[in-house]
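Next up, some structures in structure tokens.
In what comes next, chain A is part of two complexes: it sits with chain B in the first one and with chain C in the second one.
And now, the complex of A and B:
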């Protein structure tokens, strides 16, 4: 029987790892992801999990240990946050290129400076070009469910790719929530044991990761490229199968909220969707025809889904909780990817970038209201009024320009 | 600890090779010879972890490799960590009954850079945690596959691409090398019960040390000197001879540290002057007498530190 539990995104993933009977996990402390390792360590000590926890000497080692374990044929996991994710950077491409389907939990944390604990998606988005598959969960339940779905997709013989179960630090990783831990029988039905076609086996010797000549590389890279299309197909099939077995139905790529008659939508990923939904309910009462599109996957990026969905709307406000300094559009990574997804689609909407929620700040109702008002102005103008909007810094609301004008006047009188 | 089956003479060494022809290492390559002997000694039930270095680049250049046993690449940074992961995966999968394998010999074959420089952190952590892995440092005293640049093992006075001699720096390399045996087996890594130095010039000794290291439960360390004709600038047919000369001049010492007890594998009756060794290699050709004297003084001090009782050549 599934168990009703109260816990965090991290204990929920520990539950998933327990149910998946992982063999090896590699730890190193950094907040906020650390608690998942503390939880797994406890379960190993109490005999609840049969897993070797190797205490890495850093994140680079963590990912390397998991890589080695995976090549030996083990189901292996690890995780990190913030600068720790950056420290392991060398290892990401070899793991994905070696087609080792390890799973990492990344609970987001701002990169240094300024030494902030809060959630920003930047560290995890930094490794977007390395061939890992990943997406953000918005709560504990989805973290657990994603972990199981990601194992299933990543370990599929047609795929064999490492996965990141991404979640906002603190909002998902540390806030206690109700969720359901599935039954072992359900999981065994959904997730077969990990049996790679090739592993380090003295009776069937293989060579892994040899050097090659330049002309031998592009075919391998082509294969890594096309597998992402296969991942999209698997996502659809696996998400559906998950719903049948566990009774929780997720949109494969993009969750739509109040979009049926919407002429403008927020587009975002992760925990801020929770506040966004309630802000939308208030906005609806005030007459704004606004909805939300929440991305469940970032890699592969759901461009096909967005091509189908976004032309329904007139304005899309992409909310980036990450930084990509100097990026096209002056906002973050989501804006660039979203615009690129629909750039050639007839009837595409105006796509406005917003940067908000940096440093682990909650995006408040008021900030969503502000963004809605700016989107409405864009809608009425029929063009992008101002790119590169950092909410609260350079909003293009009329009130803001009035305040700025007043400030200028005051400054002149001071002279 | 399992008992290692010792090889008495080279004639008794197993015929079966697990490091086969078909690679493209340089003529006279010391590390390739080491690989062949180590693979022979360890046998079929072996997995090699090969971090970036000559023995990765020159062995696997065409998407294939010369090993008849499983081999995997690791980054130059992380042989110890990848080896740790493989070791614990096998332990846990065997324990859970997920696989029927016998626990394999896991050997990290790392160059000097991958062991004691950029790979030091991972190697140290592997040894600290006590994984059942043999860490072999094949030491050709430079970053060789990138075209011979200085590493912490490059001797004082050696010319490399990053340490060319010139009027301002006449001795070329200015620093003296690290001492890996002291670092890994000198008490700082208590889980390491067996460590040894070895040389490709003494193949039987090398093979036996591999077997002893593998028989050890937990981590073991082997530091193998592997002369490099290209990097050290000597003719390709003199690799073994130069390996011997290193031992005879005190530029290399052959000993084991088992449970903290030192045992000399080769005790020279007296040391030849270091100059005899330097003369054989182009990398030292620029050295002036004062630099040679400095190296001799270093050798003599090493003899004292290691507690070797042997007549010493004078340090002028």
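And now, the complex of A and C:
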């Protein structure tokens, strides 16, 4: 029988790792990731989990330990947050290129400076070009479920890629919430033991990660590129199978909320979707025909799904909770990827970028209302009025322009 | 006509070589050469275990020798040798 629990995103992932019977986990403390390492250590000490826990002297070592364990045939996990994710950067491409399907948990934290603890997706998005597959969970339940689905997809012999279970730090990683821990039997049915075709074995020695000749580079990269397309097919099949076994049905790529008759939608990922949904219910009462598209995957990016979904709407407001200074469009990474996904699609909507929820701030109802109002103005104007909107800093609302005009007038009279 | 590339196996994982690859000689950037003093060497094989590039050859009769075609001169062997039998000699001190 599945167990009803109250816990956080991190205890939920520890539950998933326990159910997946991981062999090795590599740790190094940094908030908010630390809580999962503490949780796993406790379970090992109490005999709930049989797994080797190896403590690195830093995140670079930590990810390298998981890499080595995976080469030796272990189901290995690790994880980090914020600057810790950055410190391990060199290891990401070799782990993915070496096709070692380790699983990392990243509970977001801002990069320095300043030394802020709050959630921002930037650190995890920074490694988007390294061949890992990942997406954001919006709550504890989805973190647990994603962990199991990601193991299944990443360890598939046709795929063999490392995965990141990403979640907003604190909002998901530390707020206690209700979720269900599935039954061991269900998990055993869904997730077969990890049996890689190649592993480090003294009786059958192989070399992993050798030096190759320049002419061998392009075909190797081509292979890494092709596998990403295969991941998309697996996501569809595995999400469907997950729903059948566990009874929780997820959209494979994009969750749609109140989009049936919507003119405009918020497009975002992660925990802010929870506030977004409730803001939408108020906005609907006030007559805004607004909905939400929540991305369940970031890599591979669900461009095919967006090509099919987004032309239904007139305005899409992409909410970036990350920074990409100087990026096209002046917002974050989601805006760039979303625009690129539909740029050649006939009847594509106007795509407005919003930056909000930085530094670990919640995106409040009021901020969602503001964004909806700006999207409505864009809808009525039939064109992008102003790019690079950072909510509360340079909103293009009538009230804001009135204040600006008044300030200018005052300044002129002072001259 | 499309270009023909040198194909690589999955993730470039290859069986451990039993012969050396003459196309990939990597010992020529070494500037300090490991030299063993066979009188001091106790044949404990610590260097043989630690060399990151499997360049320490070992036989009962000859003891320790180095495969200089691939040895990078990193000095790990000399650092781990418990009796200090391996010294690091500048390459320019040798004729070949």
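Methods note: the second predicted complex is superposed on the first by the 412 of 415 C-alpha atoms of A that agree within 3 Å, B and C clash if a C-alpha of one lies under 4 Å from a C-alpha of the other, contacts with A are read in each partner's own complex, and residues count from 1 in each chain.
Note that a contact is a pair of C-beta atoms (placed from the backbone, for glycine too) under 8 Å apart; a residue touches a chain by one contact, two chains touch by 3 or more.
What you are looking at is a predicted structure, and each value in this text was computed from that prediction instead of being measured.
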Sticking to the clash and touch definitions up top, decide whether chain B and chain C on chain A clash or fit.
-> clash
Given the touch rule stated above, what does A:207 touch, chain B (first), chain C (second), both, or neither?
-> both
Return first, second, both or neither, reflecting whether A:160 touches chain B, chain C, both chains, or no partner chain.
-> second
Would you check which partner chain A:234 touches, where first means chain B only, second means chain C only, and both and neither mean what they say?
-> neither
Does chain B (first) or chain C (second) touch A:152, or do both, or does neither?
-> neither
Of chain B and chain C, which one touches more residues of chain A?
-> B
Name the contact category of A:99: first (chain B only), second (chain C only), both, or neither.
-> second
Where does A:43 make contact in the superposed view: on chain B (first), on chain C (second), on both, or on neither?
-> neither
May I ask you to decide whether A:68 touches chain B, chain C, both, or neither, giving the answer as first, second, both or neither?
-> first
Looking at the overlay, what does A:218 touch: chain B (first), chain C (second), both, or neither?
-> second
In the superposed model, where does chain B crash into chain C, at 98-106, 116-124, 134-142 or 170-178?
-> 134-142
Using the superposition described at the top, list the residues of chain A that contact chain B and also contact chain C.
-> 205-213, 216
Touching chain C in the complex: which residues of chain A?
-> 97-99, 160, 197-198, 205-213, 215-216, 218-220, 223
Okay, in this complex, where on chain B does chain A touch?
-> 44-47, 49, 56-57, 60-65, 67-75, 77-78, 80-93, 95-96, 98-99, 101, 104, 121-122, 124-125, 128-129
So in the complex, which bits of chain C are touching chain A?
-> 5-8, 10-17, 23-24, 26
In their shared complex, chain B is touched by residues of chain A numbered 21, 23-24, 26, 50-52, 54-58, 60-62, 64-74, 76, 90-91, 94, 193, 200-203, 205-213, 216
